[in-house]
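Note that the chains take the letters A, B, C and D in the order they are written out, and that residue 1 is the start of every chain.
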Amino acid sequence: MVITDNLLSSLLQTRAHSEEICSPLQTEDYVVQPIVDVSPPKWHLGHTTWFFEEFILSKYKTGYTRFHSDFAFVFNSYYESIGKRVIRTNRGNLSRPTVNEVYEYRHHVTSHLKSLLEENENQQIKDLVEIGIHHEKQHQELLLTDIKYILGNNPLLPKYNDTFIENPKMESSTEYHTIDEGVYEIGYKGKDFCYDNELGVHKVFLQKYAIADKLVTNKEYLEFINDNGYEDSLLWHAEAWDWIKKNNIKTPLYWHEIDKEYHQYTLGGLKILNPDAPVTHISYYEAFAFAQWKGERLPTEFEWEAAQQYFNYGVRWEWTESAYLPYPNYAKAPGALGEYNGKFMVNQKVLRGGSVATPNNHTRYTYRNFFHPQLRWQFNGLRLVKNK
Amino acid sequence: MVITDNLLSSLLQTRAHSEEICSPLQTEDYVVQPIVDVSPPKWHLGHTTWFFEEFILSKYKTGYTRFHSDFAFVFNSYYESIGKRVIRTNRGNLSRPTVNEVYEYRHHVTSHLKSLLEENENQQIKDLVEIGIHHEKQHQELLLTDIKYILGNNPLLPKYNDTFIENPKMESSTEYHTIDEGVYEIGYKGKDFCYDNELGVHKVFLQKYAIADKLVTNKEYLEFINDNGYEDSLLWHAEAWDWIKKNNIKTPLYWHEIDKEYHQYTLGGLKILNPDAPVTHISYYEAFAFAQWKGERLPTEFEWEAAQQYFNYGVRWEWTESAYLPYPNYAKAPGALGEYNGKFMVNQKVLRGGSVATPNNHTRYTYRNFFHPQLRWQFNGLRLVKNK
Amino acid sequence: MVITDNLLSSLLQTRAHSEEICSPLQTEDYVVQPIVDVSPPKWHLGHTTWFFEEFILSKYKTGYTRFHSDFAFVFNSYYESIGKRVIRTNRGNLSRPTVNEVYEYRHHVTSHLKSLLEENENQQIKDLVEIGIHHEKQHQELLLTDIKYILGNNPLLPKYNDTFIENPKMESSTEYHTIDEGVYEIGYKGKDFCYDNELGVHKVFLQKYAIADKLVTNKEYLEFINDNGYEDSLLWHAEAWDWIKKNNIKTPLYWHEIDKEYHQYTLGGLKILNPDAPVTHISYYEAFAFAQWKGERLPTEFEWEAAQQYFNYGVRWEWTESAYLPYPNYAKAPGALGEYNGKFMVNQKVLRGGSVATPNNHTRYTYRNFFHPQLRWQFNGLRLVKNK
Amino acid sequence: MVITDNLLSSLLQTRAHSEEICSPLQTEDYVVQPIVDVSPPKWHLGHTTWFFEEFILSKYKTGYTRFHSDFAFVFNSYYESIGKRVIRTNRGNLSRPTVNEVYEYRHHVTSHLKSLLEENENQQIKDLVEIGIHHEKQHQELLLTDIKYILGNNPLLPKYNDTFIENPKMESSTEYHTIDEGVYEIGYKGKDFCYDNELGVHKVFLQKYAIADKLVTNKEYLEFINDNGYEDSLLWHAEAWDWIKKNNIKTPLYWHEIDKEYHQYTLGGLKILNPDAPVTHISYYEAFAFAQWKGERLPTEFEWEAAQQYFNYGVRWEWTESAYLPYPNYAKAPGALGEYNGKFMVNQKVLRGGSVATPNNHTRYTYRNFFHPQLRWQFNGLRLVKNK
């Protein structure tokens, strides 16, 4: 249970943090959408605000007037049951509302949320505010990855800032920890916030396996590249092979070979590739092919969760072999909030752990992130498993 | 273990049966490819023949001369490691080789296989022949579904024949059988042929559930349609919703509303919809939305397998909630034959059971069929499960 | 004016000739449609028959019963005002009606036309029959070019026959004939049949120019290729440049470089390129770029017509610089027949002359053929002009 | 001949005017590209600047250093021979350089041009500066139409300013002026600047015709709409019909039916449709269909030019029936500047006159504007012609 003071403080910190993330940006950077998966930063700022306005203020704040009647249309995302959404590919066409107007919208909503929380002890409101905070934290991670894409695909390769650390220090040797076969409990058991997709604690039976305590590094991934891993069709899924051939993919995203040396675009600008850093910006397809080449495999999300006390996580979202599916007894929330997770449970892969872009306290070992298998713009990586 | 006599007889019967399936066709029907998922019948006849030539005759038959040097190029499918394949969408552009030439090719290869088996006791050859028989049986099912699509999408709606039974008699009342929670064994334990994807007997832990002993009928599905199931976005996955809206999907495939009455194209021609027949030609998306609307769900493939002694199957391939993933300890065969199953283990859903189009003795309760979630041209249906 | 006997004989000869063109085909060759511009031969046979049924028999033959009620739907082409047409890309999906049924349809319609003409002296019918004959002759040319495409894009490269002459003998030296500036009359002045787009004799003013009396040859075109003509963007229209780069075009259609020697697929099979033959299967874009490279240009259709007594034509359709536009006082026929020409008068280029595939007596020096500038599957070529 | 003082003054005014056009914009408006035909305003500002830097400063200014080495890549457009261009659809993905940087670039280049002109009497430089001025004026018109598209397709429908006059007063009655048949001279005969595509004065022979002295109005166009003009396929070109059906086009661009009354988005915001204003934002296809419906036709560009003293022009670019083709003796300039006009002479229609968005003194009666027939975002309209 969250008490109101902490909740309000958490809300205000979260709202402020989204704006801090954007502080190094130029106005122009807020506007563009180079690919459909990336949203313009001003859209993230507006959408997270709309979420609070739509699900809380418009319902629970007496006499609340929406900041702008058209913003629900502009800043809605996938909430089909709320209204006609902007076609997703069109977000990058919208020069208005301006960045300044979006900030005004944010401050308007934040201040009304503040007074609502100060006036009100309704638990339902508090629960919704908490969901809104977590929703905004998810978008904070997307803000960072989308900003990276916007700047990293600009021919001028501008840097974001000098302080963001993409590659925290890692010890070099990798050990494998063996997990015995048996029944394990999976799912969130705590009392704090979690998403509906983590709920429904249940048992799974796992066969014996051994899991690496370190992520795969750039150095190891380079061995795969140099061994022509991208040219051996037997290592790849059929769809993956078509995808790498059609898109001419030969390295992770953001790698540039300059004078026969690999460089990597980072939020700090273009840098020589650090061989000891965990490999990142790879698709599930590449993670799988690497593991095939190595003669090992990816963990399932259950193997990952059952073994999590044996390793550190939080630097790369780790692709698992598991498809994103409902847990037994999964029930989605009624109404529009029920669209949060369940409607995406097809054709996606689960990632576990968290990354350098994940906001503080936002991840946990039961957290189930998910993306389509070909997506690379997140800070994704991989950890290996061996059968025993 | 298969003894040679039986193997040869099984081979010859299988080869003959493929040709029997095509006997009602006009030459023109062998040639066209209306959508990418459907292959021209002459391609199926050639491809199953090429499989025997490529993996057996060219390797084990002394002095064997290929029937035509370009046929490996024309009739290969997805075997990336064997050679440059014909772009799949182009199969329907090829008027040559003619149907007669394909039949000559078939007879050439069948007769060389016959003499090879008569001369030879090599177990490796027998194993490969057995795989080739099962491969051809899989294509026999595709022949029927592809023929249905070719004829059923022709404005003249020609019938295939008068004898194929799409809707065997079903008893009408449905009961649910409860399965207790616990550890169940999954996978093929027998000694006869099975595919690599069924191997690796292993334990899974299942929660308590109840499974229907009958398939969902057209009548039940009509209730969903009449209750505006295709118009309620909350019932659908996000990708499903985009798909039904983009493709204007409002009924199962092959349904035609004529004078306010639903008709269904069948291999016997256009018929008034039979309300008691199990619904078919639906996508996973539709099966899922139907179950959501009903307040129930699809079984996982493990729940299906653990409960299979409680119901009959074999009339419709039953969509499960399970993604098509490798079993623990799954190992694909080395070389090109290893491309058979493993490379498709992403973005597909498992179907269990078998259908009216499945050849005799080709299915079993551990058999794992798989298709992309939007595909409807197979005889797919669904069975419901309730949580307990 | 055509007298009935001649008209009937011309009709029967034309109907028979379409079938002769198809006589070397296998049934399968009648069915496929490798690209949208190519129609299946059985469609041509059915469409030309439907034209007679739709515009003559169904209107003027007492008690006439259509051969099949759905054929209007299957064999209509672009006649928007007649009914819902088959989406053009789908012609190659239709296995039915069969080739035999199409021939039955042809014989049914031909015999009813015969009896109609024998019974009837109505001039309107005769005029329509004459249009139908010319319509079918146009499709005879398309039959040949479409058959060439179907066979020439099959990996087995089957020949059509041994007798079709693609490259009649040409004398080698080219001379330029100078035409003085002045006012010239353009358009059809005769009393025989011509299309509406040739009508409206009118004056044009031409500047002085000189026109070649020979077509450009393969040898000359090879010089352009060897001088890197396909790599010099300054020679090409902007749209042309995008088109050759996107489609990786480096030679005319049907050229194959084998062991460093150019070969050309012809209706007689694959042959070594004949340097003295007029170049063919080039787009307008390529014709234009060649002329730019040569420092000359293409004639306008008016220059071509005004100079036509100075050269032979009829071996290649000759790209002109003229866009396909209405002549002054052009008026299209009322009703569906008015869709014949006028509706295509945008984004197309005029070609003059005729080709080896043009039926006897079908072309004349006022005949205006037209195609989109990127199309290559016709027997197109070019003649050069110099400013004076 | 332009004397230097006037040239410099003209240059500085032109450079300043582009910036004035953008002065009502928010920073965000400079960045987006909603469709491929529209460029972001900051791209126009940069591209016109790059033109001066590339063709003048880098070649003629001693010791000139480019403002930024990557800007040639970012701001080049279609000049294939200069270097690898940015894929056109990607212009809207580029947040950098920022608007401020683009203005710095402009001022850098303008000030170097100023000193170059002050130091230098080289006629070649003056000629190039004059081309650069006219090039920038062309982009001033595009700036206005692109800004209109960017704002007019934003769901908030923001206005540009209150002073831009889209619909100057027009007298209401239309008269037709008859032009006798005969030979007329076409092309630019003056001594001032004109584009290469206007050069080559030459004679054309025109048949007798009568041309309207007024543009078609909204009121007249509404009659066409209300008479189901958009539903009668016989009025339309085949490609036009496919285009209006595919894109669901039923009115000119920017028309909105609100409460059964037509409104029109203008640079001054959303307004009730003015029936007396000349219709605008229509494609050639619509102009042609309207004329067909009216039983009249569009003028050719030669008819327009020969009759121009009988009417006023400059409010709408007037679609003509003429395709955009080279005049006799047309010769494009050598090198990259030769790409200015000639490479677009295919698949486009000529427009004559000028519009409310055309900069002062930029148009003349010999000016040949050109666009693809489906494009509507320019201030296009039409004038009718009758045969006599």
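Please note the rule applied: contacts are C-beta pairs under 8 Å (C-beta built on N, C-alpha and C of every residue); 3 or more make two chains touch, one makes a residue touch a chain.
The chain lineup, named per UniProt: A, B, C, D = Ergothioneine biosynthesis protein EgtB.
Quantities reported herein were computed from a predicted structural model and do not represent experimental measurements.
K.L.:
In this assembly, which chains make contact with chain B and also with chain C?
P.N.:
none
K.L.:
Return the chain whose centre of C-alpha atoms lies at maximal distance from the corresponding centre of chain B.
P.N.:
Here the answer is chain D, farthest from chain B.
K.L.:
How many angstrom lie between the centres of chain A and chain C, each centre taken as the mean Cα position?
P.N.:
Centre-to-centre distance between chain A and chain C: 57 Å.
K.L.:
Starting from the mean Cα coordinates of chain A and chain B, work out the distance between those two points in Å.
P.N.:
Centre-to-centre distance between chain A and chain B: 36 Å.
K.L.:
Using the average of all C-alpha atoms in each chain as its centre, how far is it in Å between chain A and chain D?
P.N.:
45
K.L.:
Touch graph of the chains shown: is it line, ring, star, complete or other?
P.N.:
If you draw each chain as a dot and join those that touch, you get a single closed ring.
K.L.:
Going by the touch definition at the top, which pairs of chains touch each other?
P.N.:
All chain pairs meeting the touch criterion are A-B, A-D, B-C, C-D.
K.L.:
Within the complex, which stretch of chain B touches chain C?
P.N.:
26-34, 42, 70, 73-74, 86, 90, 92-99, 150-151, 153-156, 158
K.L.:
Any idea which chain C residues touch chain D in the complex?
P.N.:
78, 80-81, 181, 183, 202-205, 207, 233-234, 236-241, 284-285, 288, 321-323, 325-326, 328-329, 338-339, 343-347, 373, 387
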